[in-house]
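Structures for review follow.
After this come two complexes, each holding chain A, first together with chain B and then together with chain C.
Then we have the complex of A and B:
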C-alpha cells in the first residue's frame, strides 16, 4: 500500500508539473489525463472505488474530451505561447511559494483529532460503496442533488448562448 | 512507515500549488482552464482523505457535487473560448482587454 501511494504521488506530481510546463495545449490535456488516473488510484487506496470510477468516467472521459474537441475545433495545437513574461512569472512563483509554505505550516500545526463518524471501511465495504453514496444522495442530500440538475441545465443554455454567433 | 492522512493532504497541497502556479504564469486560456481542473482535483483529494480519516461520508458526497460544478464550468468556459477566439483570432488572455465582445 505504501509503495502504491508513493508511485501514485510521483506520477500525479510529475504529470501536474508537465501540465503547466509544456507549450502545446494538447500535450497538457494528455498529461492531465495521466494525473486524473493517478488521483483515481488514490481514491481506490482510500477505499472509494465509486469515486475512482467517476473520476475516470467524468473527468478523463467527458471534460477532457470536451477540451480536446475545442482544441482541435479552434486548431490551437499550433498556438504555442512562446512569449514568457518574466515579471509575471516571478510574482506568480513567489505567491505560490508563500501559499505552499502557509499550507505546510498549517499541516504541521494541526493537532490530532479523533474520528467522529460511523462509516468505517468495514461498514462501507459491508453495505457497498455505491449503495451508500446513493442512499446519501437521495435522502440527506436530495436538495443539492436537484439543484445540481438545475445547474447543469443552466450551463447547457449558457454554453449555447456563448458559442452562438 | 505508514501512510496517514497528512501525507495525502501534503500531496493534495502540492498539486493545488502547481495548479495555482499554472493559473498565475500561463497565458493560454486552455492551459489556465486545465490548471483550474488540477486545483479542483487537489481539493477533491483532500475531501476524500479527510472523509476517510474521520469515518464520514460527507466529503465523498461533496466530491460528486464538485464534479458536477466542474462539468458545468467546463461547458461554460469552452463556450467563452469559442466566442473569444471568433472575436480575436487567438486565446491569449492578454488580448482580453475589452468588456464588450
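Then we have the complex of A and C:
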C-alpha cells in the first residue's frame, strides 16, 4: 500500500509539473489526464472507489475533452516564445525552495499521525462509500451542495456575458 | 411584528431555512431579474431590473429586521444567524444598496447587459452574507469562491475596454491562487483536528490546550493550516504582501463595482476573519498576534506611501483602502470586546465614506466634468460648491479628521489597541494616519486652490468635455459665469448642471453624507449596536 502511494505521488507530481513545463498545449492537456488518473489512484487507496470512478468519468472523461476541443478550435499549435523574466524566476525559485524546506522541516517534526474520524476503512466497507457520500450530500452538507449549484450557475452566466459579442 | 422563529420552532428544516432567509431572498430576486429579462425590450429591462434589485435588497432588510433578535443555527451546523451577522448584514446590504443606486446612471450610458449586471450584484451580496454567517470550513471556502466569481465577472463587465478585461484577468488568476491557499489551509486544519466546524475545532484545541500529552504533530499541522488560511483570507482583505491585485482591479473595474469591492468584499472578508480568528487563532498556536502585528504595520505603511505617488483617483483610493485595511486589522489584533466592536464600527463607517467618495467620482465621470485623473479635479470645488464640499467631507472622513465617521472609527480601534497594550502599534498607526491626511488633503487643495481665474473660462468654452454642462445651462452668459467664479451665479449653474445627474446618485450621496456625519458626532447608538453584536461571537 505504502509503495503504491509513493508511486502515485511521483506520477501526480511529475505530470502536474509537465502540465506547466511543456510548450504544446495539447500535450499539457494529456498530462492533466495522467495527473487525474494518479489522483484517482489515491482515492482507491483511501477506499473511495466511487470518488475514483467519478474523478475519471467527470474530469478525464468530460472536462478534458472540452479543454482539448477548445485547444483544437482555437488552433493553439504551440505557445509562442514567452518572455522569460529572470528576476521573477529567481524570486520564484527562492520562494519555492524556502517553502519546500519549511514543509520538510515540519513534516519531519510531525511524526506519526492517526486518523481521528469515525469513518474508518472497516466502516466504509460495511456501509458502502456511495451510500456514505449520498447521505452526507443530502444531510450534513446539503447547504454547501446547494451553494455550489448556485455558484456554478453564476459561472455559467459569467461565461455567457464574456462570450456574447 | 410577526415572529417567524417562534412559528417554526418545532420544524427543523423550516428553521434551517430561516437562518438563510436574508440571503435566500436576494438569490430569489436575482433569479427574478434574470427571468424578467427574457420578456421585455432592453430599455424597459434596465429600469425593471434596477427596481427589482432595490426591492430585493429592501426585502432582505425586512427579513433581517424580523429575525434580528434570534440566534438560529441551520443546515447541520453549516450556517448560523446571530447578532454578529445582523450588524455585518446591515453593513453589507447598505453597501449593496448604495452600489445599486450608483449603477443606474453609470451603466445607462454604456452598452452592457443590464439585467445580468443587477442579478450578479445581488448574487455577490448574498455570497458576502453567506460568507459572514458560515461557521464551517467548507461553507467558508464555497462562499468565498461564490463571492469571488461574482466579483471577477463584475470586474470585467465593461467589455471592449481592455483595462477592465485586464483587471478581471489579473484578479481571476491571483484570486484562484489565493483560494488554493485557503483550501490547502483548511485541509491541514482538518488533518490536525478532524473537524470542519469552527465550533468543534475551537473545542478540540481548547481541550488539547489542557492536555498534558499535547501531541506535537497536531501543533505543527495546525500551524501550517492556520498560516495558509491566513494567506487566503489576507488576499481578500488586501493586506500588504497579498495586495497586488487591488490597485489594478479597482482601477479597471466599472466604478460602482469598485465600490462594491472596496466596501462589501472587504466587510465580508473581515467578518469571516473575525469569526475564524476569535474561534481558532485566539489560542495563539503560532504567535499569530506577532504575525498580524507586522502585517498591519506593513499594510498601513505600504498603502499610504503608494497612495502618495498616484495620479489616478481610483488607484489612489485603492491604495488608501489597503491602508484602511491595516487600521481595521489593528482592531482585530486588539481583540476582546472593545477591539472587535470598534472594528465593526470602523467597517460600517468605511462603507459610508468610501461609497460617498465613489458616488461623487461617478457623478463627475457621468457628467463628463472630470476623468479619474486627479489633475482634472482642479477648480471643481469652485464650480460645484455643494459637490466639492461633499467630496471634501468624505476625503476628510477617510483621513480621520474629527466630526467625521472616519475619526470615530479610528478612535475606537486605536483606543481598544491601547487598552490591550499595543502602544507602539498605535503610535505607528497615528503617524501613518497623519501621513495619509497629506494625500487626501492634496486632492481637496487641488479642488479649491488652483488658479482657475486665469484660464477657467477659456477651459470651459474650449474643452469638449464640458459641452454637456453648457448644453444644460444653454446660455452663453451662464457659461461665462464660470470665469468670474465665486459669485452667486455658480450655485445656480451647479443646481442646473447637477440636475442632469441622476436623482438616485444624489440620494446615495446624501445618505452617505448624513450617516458619515451622524456616525461622527453621535456614534453611541451604532457602537452599542456593534457591542451587542459582538456578544454573540464568543459562543459560536
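In this text, the second predicted complex is superposed on the first by the 154 of 165 C-alpha atoms of A that agree within 3 Å, B and C clash if a C-alpha of one lies under 4 Å from a C-alpha of the other, contacts with A are read in each partner's own complex, and residues count from 1 in each chain.
One rule holds for everything that comes next: a residue touches a chain if its C-beta (ideal position, glycine included) is under 8 Å from a C-beta of that chain, and two chains touch if they have at least 3 such contacts.
Since we're looking at a predicted model, the values are computed, not measured.
**Student:** As a test of reading the superposition: which chain, chain B or chain C, is in touch with more residues of chain A?
**Tutor:** Residues of chain A touched, chain B against chain C: more for B.
**Student:** With both complexes superposed on chain A, which partner does A:42 reach: first (chain B), second (chain C), both or neither?
**Tutor:** Only chain B is touched by A:42; chain C is not.
**Student:** Just checking: does A:141 make contact with chain B only, chain C only, both, or neither of them? Give me first, second, both or neither.
**Tutor:** both
**Student:** Can A:72 be said to touch chain B (first), chain C (second), both, or neither?
**Tutor:** It touches nothing on chain B or chain C.
**Student:** Considering only touches as defined above, state whether A:9 meets chain B (first), chain C (second), both or neither.
**Tutor:** first
**Student:** By the touch definition at the top of the document, which applies to A:162: first (chain B), second (chain C), both, or neither?
**Tutor:** A:162 sits against chain B and chain C alike.
**Student:** Quick one: classify A:150 as touching chain B (first), chain C (second), both or neither.
**Tutor:** second
**Student:** Taking the stated contact definition, name every residue in chain A that is touched by chain B in one complex and by chain C in the other, in rising order.
**Tutor:** After superposing on chain A, chain A residues 103, 110, 113, 115-117, 141, 144, 148, 151, 154-155, 158, 160-162 contact both chain B and chain C.
**Student:** List the residues on chain B that touch chain A in their complex, please.
**Tutor:** It comes out as residues 1-3, 6-11, 13-22, 24-28, 30-31, 33-35, 37-38, 41, 44-45, 48-49, 52-57, 60-61, 63-65, 67-76, 78-83, 85-86, 90-92.
**Student:** Which chain A residues qualify as touching chain C in the complex?
**Tutor:** Per the stated touch rule, the residues are 103, 106, 109-113, 115-117, 139-144, 147-148, 150-151, 154-155, 157-158, 160-162, 164.
**Student:** Can you list the residues on chain A that touch chain B in the complex?
**Tutor:** Against chain B, chain A makes touches at 1-2, 5, 9, 12-13, 16-17, 19-20, 25, 28-29, 32, 35-36, 39, 42-43, 46-48, 51, 54-55, 58-59, 62-63, 66-67, 70-71, 73-74, 76, 79, 81, 83-85, 88-89, 91-93, 95-96, 99-100, 103-104, 107, 110, 113, 115-121, 132-133, 136-137, 141, 144, 148, 151-152, 154-156, 158-163, 165.
**Student:** Mind listing the chain C positions that touch chain A in their complex?
**Tutor:** My answer: residues 16, 20, 27, 34, 74-76, 78-79, 113, 116, 119-120, 123, 130, 136, 138-139, 142-143, 145-146, 149-150, 152-153, 156-157, 159, 191, 193-194, 216-217, 220-221, 223-224.
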